[in-house]
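Report on the structure given below.
By written order: A, B, C and D. Residues from 1 in each chain.
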Amino acid sequence: MASTIRLRAIVSGDTTEVQALVQHPMDSGFVKDSAGNLIPPHHIEVVEFEHAGKAVFTALWGPAVSKDPYVKFSFKGAQKGDDLTVSWVDNKGESDSLVAKIQ
Amino acid sequence: MAKQHNRPDRTRRLIVKAILAGVGLGLTGWKRARAADASLWLKDAFTQKTEADAIKALYGKDAEASDQVKLDAPEIAENGAVVPISVSSALPDVTSIAILVSENPFPLAATYKIPPGTSGMVANRLKMAKTSKVVALVESGGKIYSASKEVKVTVGGCGG
Amino acid sequence: MRLFIPALGVLWLVAASAAMAASTEADFKSALAAAEAAEKDAGTLKNQWTTTEQTLAAARKAAAAGNFEAATSAAKQAEALAKASIAQAKEQQQAWRAAVIR
Amino acid sequence: MLRALYATIATLFLALAQPAAATDAVNPQADFKAFRDFFTKRFPNVPLNDFVNGPYSMDADLRKQWVAIEDFPPYEFAVDKGKEMFATPFKNGKSYGDCFPNKGIGIRQNYPYFDVKRGEVVTLELALNRCREANGEQPFSYVKDDMAALTAYMAFTSRGKPFDIKIPNDPRALAAYVNGEKYFYSRRGQLNFSCASCHVQSPGEHIRTEVLAPALGILAAMPIYRSEWGSMGTISRRFVTCNSQVRGVPIEPQDENYRDVEYYLSYMSNGLPIAGPGARP
């Protein structure tokens, strides 16, 4: 099955712009299902982005981040063709990771 | 639709960790899914019920309003479930950015760690339960700067 | 949605006042049968209303709880709604032409 | 069947073709011109091809949020899933591509079409389920998930291609067109709204928080990821929700009326580019 992560990292000059989209329900814990029961919270807590063995960006998310969350940031020092690693973990201990080439 | 994580649950992951530790990390050639470090999450800050308490839990100090913090959010959210919000700052040495939605049950929505070399900018999409003040906090040189904006929500992001 | 309130209020009032006299299970059954028949006709025209369905459900629920007063009243409302939807469908057989962009 | 009645009426009009009957005569080309002129005159500042972006062509603040969301749109997962499904053979070894012209790539703009052999309108969703059934697979739900993933992928491979809906010289095709037009303009539901009440009379206006999309080009971005749904939905899903929003009991997805109204609306959008899958509030 395909990864839960979509990553786009593009170098322009000395800056790499990174956009990521993660497939995740991000259930807040405040929404009821059709039977009227609260859907328990199920959301990503931490997303780490690493380049050359070093963290370049860390996201800490609460239940108010939208379903299928999206984030964009940029950092300096990467070259085209370098690896960028993304990994996430949620409040149920589920996780996923992806390594993508910077374009 | 069933989601396909194919990941071990937390308990199993802890067991895997314990086994690895017990073997003295002799299994370096093993391929295993990387997971982000769950211990980084700030449970205390994310479970505060007011904006002020969340800021205190996050930084232990108050924020001062600054025009050096740029918060981009819509006037009227097209849908409270998906509100695009971005924060940027030209301040030097930004070390973190946080975004709070004052009227949400837990105001702290997201916080980002910005190491040296990474720009003081982030864009994301947040849920808003109702019309609320959105607050952006930027940590720079050990001080906390803020900007805020009212975003109108007529279809809340907490509905079914 | 509170966009548009058609003249149905009048029909509702008529149905409600008809139910003023104390109703029995037999009253309910005949009211329900009439409502269901009308709703079936609306279904043939593919023009049922969700409100008719909801009112029918409320009628059955009230009857199940032994409240035939409310059940009969709701069944009569449902019949009025179903008949209004039938009237709408029949009227629209030709009326739609007037709305076409020319 | 109403269809038969319309066929008769259409045939009569074609046979008579008297100028005296011009007010009621079926003339899709004239309808098309009037329909397009109505929207382009009402919204002179909206470029023609922008109508396919629905509410975003009407409201600047909404448009800005949409542009931000399109940066990395939530329908990406559906497109990827549809692509994977297209590449995965059925149990009998055949695949979706075998059921369609050009292996199903870049053909969305030709749907729905009038099938002269069957004498009915065939939509992309219907064709996909018939493809599955012909190959021994169970049909999918018409409203979301798998069906939306398939149509998302097919739309994605057809982006920018102009709608090219044809009405063959067949009284039944003309009858289907008229039935679709009738469905579009007929009031229904307790709120007594027609499709046109919202999407012809009030596009750009707010209903609660939502900005109504113009009927011109309204199907070009289908299927859509709606934030309100938190998921993808097909054209069938949109019709069903439209009906319930006016307090009408929806008819079955792919009912003849739904297919005919899709045929009518798509014909009205001829020449406008396919923009699906789309993102909507």
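The rule is short, and it goes like this: a residue touches a chain if its C-beta (ideal position, glycine included) is under 8 Å from a C-beta of that chain, and two chains touch if they have at least 3 such contacts.
Please read these numbers as outputs of a predicted model, since none were measured by experiment.
Participant: Quick check: more C-beta contact pairs at B-D or at A-B?
Facilitator: Looking at B-D and A-B side by side, A-B shows more C-beta contacts.
Participant: Using mean CA coordinates as chain centres, what's the chain A-chain C distance in Å?
Facilitator: 51
Participant: Using mean C-alpha positions as chain centres, tell me how far chain B is from chain D in Å, no decimals.
Facilitator: Using C-alpha averages as centres, the distance is 39 Å.
Participant: Express in whole angstrom the distance between the two chain centres, defined as the mean CA positions of chain A and chain B.
Facilitator: That gives a centre separation of 11 Å.
Participant: What whole-number Å value describes the gap between the mean CA coordinates of chain A and chain D?
Facilitator: Centre separation, chain A to chain D: 34 Å.
Participant: Mind pulling the chain B residues that touch 2 or more other chains?
Facilitator: 81-83, 86, 123, 125
Participant: Touching at least two other chains at once: which residues of chain A meet that condition?
Facilitator: Counting only residues that touch two or more other chains, chain A contributes 23, 67, 70, 72.
Participant: Do you know which chain C residues sit against two or more other chains?
Facilitator: Chain C, residues with two or more chain partners: not present.
Participant: I'd like to see which chains touch which, written out pair by pair.
Facilitator: Pairs flagged as touching, ordered by label: A-B, A-D, B-D, C-D.
Participant: For the complex, which residues does chain B have touching chain A?
Facilitator: Against chain A, the touching part of chain B is residues 3-11, 13, 33-38, 40-42, 46, 81-83, 86, 101, 104-106, 108-115, 117-119, 121-129, 157-160.
Participant: Can you list the residues on chain A that touch chain B in the complex?
Facilitator: Per the stated touch rule, the residues are 1, 4, 15, 23-26, 28, 30-32, 34, 45-48, 54-67, 69-77, 85, 87-89, 92-97.
Participant: Note which residues of chain D are touching chain C in the complex, please.
Facilitator: Residues of chain D touching chain C: 24, 31, 34-35, 38, 181-182, 185-194, 196, 200, 207-208, 244-245, 247-249, 251, 255, 257.
Participant: Show me the residue ranges of chain D that touch chain B in the complex, using the header's touch definition.
Facilitator: 61-62, 64-66, 68-69, 71, 74, 145, 208-210, 227-228, 230-231, 281
Participant: Can you list the chain C residues touching chain D in their complex?
Facilitator: 1, 3-4, 6, 8, 43, 46-53, 81, 84-85, 88-89, 92, 95-97, 99-102
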